[in-house]
Amino acid sequence: MITLEFFAGLKDYFPPVMEVRETPEDINSLRRYLIDQQSFAKTLLEQCRFAVDDTFVHEDYPLRQGDLVLVIPPSSGG
Amino acid sequence: MITLEFFAGLKDYFPPVMEVRETPEDINSLRRYLIDQQSFAKTLLEQCRFAVDDTFVHEDYPLRQGDLVLVIPPSSGG
Amino acid sequence: MALWEQAHHPAAGGVVLFSGEVRNNHQGKEVSHLSYEAAEQMANKMIAALLDEAKQRWELQVAIAVHRLGKVSVMETAVVVITAAAHRAEAYAANQYIIDRIKHHVPLWKCEHFVDGERAWGGHCSCKQKSTGNIEP
Amino acid sequence: MALWEQAHHPAAGGVVLFSGEVRNNHQGKEVSHLSYEAAEQMANKMIAALLDEAKQRWELQVAIAVHRLGKVSVMETAVVVITAAAHRAEAYAANQYIIDRIKHHVPLWKCEHFVDGERAWGGHCSCKQKSTGNIEP
């Protein structure tokens, strides 16, 4: 199981925090899983970055049981 | 006759205000006249700009009786 | 501003302050206010690392960045960046670098609330850089 | 600072403030203080014209520049430039343009007074641009 945190516009499609029972293999699998779940959010999910341990991770980052994954839409600070 | 005003480092060589009895033909003549007067200030005078009516003027600007000419060393504000 | 008090240093000849303020309009629509959200812990760590990086790269005496979260009204400041260096070129360059990175890289989001009641999550940076969706670690 | 109060505008998203401050050293020598002199009327006219030019060129909402004259101590501000524009790129660019022109073109001079009692009339800009002696009308 992994835990996801969603931010900003993503919260129109997902709850702020969500658990995924089956740990996806990597970020790419997670991204595809989320697009399957909410096809309305496809464009936004394709633009998102993901972070584990407060650090951005690559598409092939191997997820592990218990990871907290931040799902991060394009930044728009300032 | 014209009146000259000197600024900054030039005041080590000239008084703050000085009159020149014979009106020089143009700025170029004035510059040469001043270098003749104070050869120690040659380098600085060669770098100076001149202003009449609070406006920078060219080397060939024709001076007229009564002009107030500012002799302006390289700027170093800020 | 209290931050300004911290921005001076006897070896710093140039101090640059950037204030990002809320405009009353966006693409022709009247803005009521903004609200900001962040992945807060991650954003704080990234900003701290960014300031350290900029300090080294441009030999800054001072590097400060503060971003507000929650509601920010029109004409209020949402983000402040202050840089001080011996010479002004470095202070300007570092300042622009820090605000660009905060706007495009740090997990911080702007939500625009319009007078007509609509709202829109940002991505509308003044420099019009497109969000590319690149995964940058 | 009182000037900062004037620097905000509902249509301005980016405000940049530059403060030129007196450093405690110059080329390895300890600085006691600076003094500034100007061809004052001409300098004031030129700065006013410069601010108008920058306002038009970068569509600024705010353009302010103030230069102190006389004695300025270490860590004190000698010159302030504030620019505000809808977007930050214009505010930064205009700000740098204004300070560059003030330093190199407006009839204003810095005299450095060193701790050892020596003094030197400036021309020592941080950007190391050489005084060329060109006659620029």
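Letters A, B, C and D mark the chains in the order given here, with residues in each chain numbered from 1 onward.
In this section, a residue touches a chain if its C-beta (ideal position, glycine included) is under 8 Å from a C-beta of that chain, and two chains touch if they have at least 3 such contacts.
Nothing here was measured: the structure is a model prediction, and the numbers come from that model.
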Chain at maximum distance from subunit C, centres defined as averaged CA atoms: B
Please tell me the distance, in whole Å, between the geometric centres of subunit A and subunit C computed from their C-alpha atoms. 25
Averaging only over C-alpha atoms, locate the centres of subunit A and subunit B and give their separation in whole Å. 71
Based only on mean CA positions, could you tell me how far subunit B sits from subunit C in angstrom? 48
Can you list every residue of subunit B that touches 2 or more other chains, as numbers and ranges? 78
Residues of subunit D that touch two or more other chains sit at 20, 99
Pull out all the chain pairs that touch, please. A-C, B-D, C-D
Parts of subunit C lying in touch with subunit A, wherever the complex brings them together: 20, 36-39, 41-42, 45-46, 67, 78-79, 99, 102-111, 121-125, 131-137
Inside the complex, what are the residues of subunit A that reach subunit C? 5, 7-9, 27, 46-51, 54-59, 70, 72-78
Residues on subunit D engaged by subunit C in the complex (per definition of touch): 1, 4, 7-25, 74-75, 84, 86-89, 91-92, 95-96, 99, 126-127
